[in-house]
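Per-chain numbering from 1; labels A, B, C and D assigned in written order.
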């Protein structure tokens, strides 16, 4: 990994990844304490994808993601206080507490967030891109989804329509090798996702999702292609989640050795090592970053603990626009 | 009398079905290695092997359609769609193929298919994972719709369904899986055509099905302390609806409250109320009341979800309004 | 006094009155000489209502002392025909 | 000290079973290290500690099934304490205020056209069957609609009571109501019993003379004398005229005597004679006659059984000398009168034949005791010696 960036840029990437990692570790703890309920899909292990790709989008671009979207929302810039409040279900949450972990939204950052039905987001991303093209705007829509989604009809229908109408949408598949409890090879006759995209005449590449630099380079280049109007593009990030699919499953479907093997390529420790080797990272830098993150997390937790619930009287508010 | 959980009842029904008939096989998302998202098929893969316990890709339309085809081809498939929320992707196969083929082919084909899915809200999993849509399915001529609320029905109905020549849909309320209950007899033969009076009473009829049965019984207990004896009817089958038992009860009590977790407008409760009006108009001493979910996407926070869903105290209030 | 009723008419009217007092009793198989109290399990209130009904139907006075004469069907008929003549 | 709690390991998990501890007391444990293996109904899962420190005490034993949030171990903290998020019990769980029903008001009831009667279909049908003009009635149903009960209350004691639909099931329902009441009475009410013999000579003589001047339609039965005597006696011992609710006796200002009426098809009902103490004997007789007639015609509503403040049962006619009845909850007393029989009686030193009957009292010992009960029976006796004053 020859770092093609400045020390500041390197530390920024590291900070993004660490911030996601510590946030997710804290949410796991809060879930066990009964503060966070329902489903909780953690992003630990896949941090390099969000950290490496999302900063390449501009504020005008749009992001569509899935129920495993904590990392994407953090990097996209929604305040940690709002995200933690949403996990608690509080009214100050980024979806007024109504969505919870699987449904983060932030209109101010065109973050169309947590759409939790597998592959449900792809047709929506295609539509956002269609609107941009028809209104002559040179914006890009980034659409994140997991390997499970490639089994849905919507994946094939969306890639075909995007290619057919040369729409400015960037399909970003986070292939973490498991669709909940089913390994990729056990549910795909053609496990090479990039190859599937080429069948619909989309340019597509496979990227090492554990290498934040590789992710950054490939994504930056793909966004440029889409923004130039060359049509849709697909990236398949090969990555891995270190934790259960959601809180909690027994992970019977994968061997513990496999998890340990992938942990050796932990995107954070490997990148930190690369920065040290390049003389860009001192221990004091790391301690400062960790301390800042820890403070930010505890302030977010306190904010979530103390902010009020949405009053029951507002239950039916916003079922329709403008009506009580 | 043995005490087992609803989950164990479903599992023993599945095992019994698989043992009895080699044509029977189970197909669905994570039913194999993962053991079922609600652990209803845990251990079946080891016992019956991957040929008959088939993990599918997340392709609901296709694997439900494949279930239809396999049934046409002489098999007796049990298809598990993880939850009713994901069955929307398969509605076309269900309505236009499974339900219609027999009549449309002039009686040449029948589709002996059983489809199981979880339904209902109450676990704070937010709007996209909390639907109650069994009423939609009960609108479709050509299929049978079952809503087992007890462990005996959870086990017995599957076996009875497999004897049917036409498609049967079984909705298991997600809240019931960990519920314990008394299994009546070791292998109870169970009918799938009649409603059951779970609690006799003379002053009014509480008519409900599935997960709401236990809320209705709780309300009946509360009402008994005020000297009001409520009869609680468990419909068990939404299609064909056992209108006879409903009308017999209402003719005796002269008052009816229907409890249904779906949204009020166009709910199955509306159908029941209409049939009561048509069949027992001159026996009604008060208008039929309905206790349904508030017309709002089910929110994540506990206090809002509880406010949105039918509750025992809402049922008791509805009864008091009826008694004037 | 209206035209004298035949014995059968009187009998039918008495049975109708009894039927109203004891709706579920089977008055057709009534033994004419056995007291109503024993056959139809009438109590003093029922018997009083019976006597009141006879008074309204046949416009006759029945002092308490005469109650025993009206305890059986035959008793009633003889009293009523006597009062008639 | 930090507590290690049974964690929530899934959306639908309410409790978990400790399979085994992975550490011993005194061991050092680091944050993120596995401390125990816990079995939810779906899978056995390694659970990590959130604190670094020394394990002080392991409380839960392997094999124990405990609810989520139970303290399973105590860890003496080492290194920087994380902000101690108050353990779940301390922080108020989301207040679940009784959710006022959200503002989806039911569609306002369409203003019925002027003059259109609000009456339930069942009530309308019953009114037609009974030839009752419903429009004259005051409805007590939802939004003032006229209900079945309203029609029943309005049914006057017309001679030709048409047999109401469903008499059989109404009798069965009444039987069930009585059965439940009797069982509850025996379970909950500590009965005590008293009885006394009452000379009925004066009462019977007065009644015979009185009836001679009365047209047949206004004749009295001696049962009415008994009821009036009980009603007036209650004025002297009011604590027997009460209803037991929420653990205490509530005295009733008004005196409604439940009069036990046997039904030929089996069963017994005790509808109330309202304000028996304020009615003349003739009015009492009129109401009593109406009650018996409607009871025997099977047209009593179960609601009429629910408001007597005490009950009188006189099985004298069935040839029983003494009756010790079961109190009708929530009442606190029951008066029984036996058959009138000729008995040798000492009056002014002479033994003379006198018509007497046995009066008995069953009473709730939580409310009154023998002394007050005795006084009550004595008062009834005294009143029956002055029938003209009833």
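Keep in mind that, in the parts below, a contact is a pair of C-beta atoms (placed from the backbone, for glycine too) under 8 Å apart; a residue touches a chain by one contact, two chains touch by 3 or more.
What you see is a predicted model; the values in this text were computed from it and never measured.
J.: So which chain ends up closest to the centre of the protein, judged by Cα positions averaged per chain?
T.: Closest to the centre of all protein C-alpha atoms: chain B.
J.: Check C-D against B-D and say which one is joined by more contacting C-beta pairs.
T.: B-D
J.: Per the centroid of Cα atoms for each chain, what is the distance between chain C and chain D, given in Å?
T.: 42
J.: Can you check how far apart chain B and chain C are, centre to centre, with Cα atoms defining each centre and the answer in Å?
T.: Averaging C-alpha atoms per chain gives centres 63 Å apart.
J.: Where the CA atoms of chain A average out and where those of chain C average out, how many Å apart are those spots?
T.: For chain A versus chain C, the centre distance works out to 97 Å.
J.: Could you state the distance in Å from the CA-based centre of chain B to that of chain D?
T.: Here chain B and chain D have centroids separated by 37 Å.
J.: Can you list the chain D residues in contact with two or more other chains?
T.: Counting only residues that touch two or more other chains, chain D contributes 11, 42-43, 94-95, 97, 99, 102, 104.
J.: Can you tell me which residues of chain B touch two or more of the remaining chains?
T.: Counting only residues that touch two or more other chains, chain B contributes 35, 123-125, 294-295, 301-303, 307.
J.: If you look at chain A, which of its residues touch at least two other chains?
T.: Within chain A, the residues that touch at least two other chains are 37-39, 89, 249, 252, 309, 312, 315-316.
J.: Going by the contact rule set out above, which residues of chain B touch chain A in the complex?
T.: Residues 29-30, 32-35, 37, 55-62, 85-86, 89, 123-129, 294-297, 299-304, 307-308.
J.: Give every residue of chain A touching chain B within the complex, in rising order.
T.: So the residues of chain A touching chain B come out as 37-39, 89-90, 97-100, 102-103, 115-120, 148-149, 151-153, 179-182, 186-188, 249, 252-253, 309-310, 312, 315-316, 319.
J.: Using the touch definition from the top, list the residues of chain D that touch chain C in their complex.
T.: 159-161, 163, 208, 211-212, 216-217, 219, 221, 223, 262, 264-265, 288-289, 292-293, 296-298, 317
J.: Please name which positions on chain D make contact with chain B in the complex.
T.: 11-12, 14, 41-43, 93-99, 101-102, 104, 120-125, 140-143, 145, 147-148, 169, 173, 176, 306
J.: Sort out for me which residues of chain B touch chain D in the complex.
T.: 5, 7, 35, 38-39, 42, 123-125, 174-175, 177-178, 202, 227, 252, 254, 281-287, 294-295, 301-303, 306-307, 313-314, 317, 321-324
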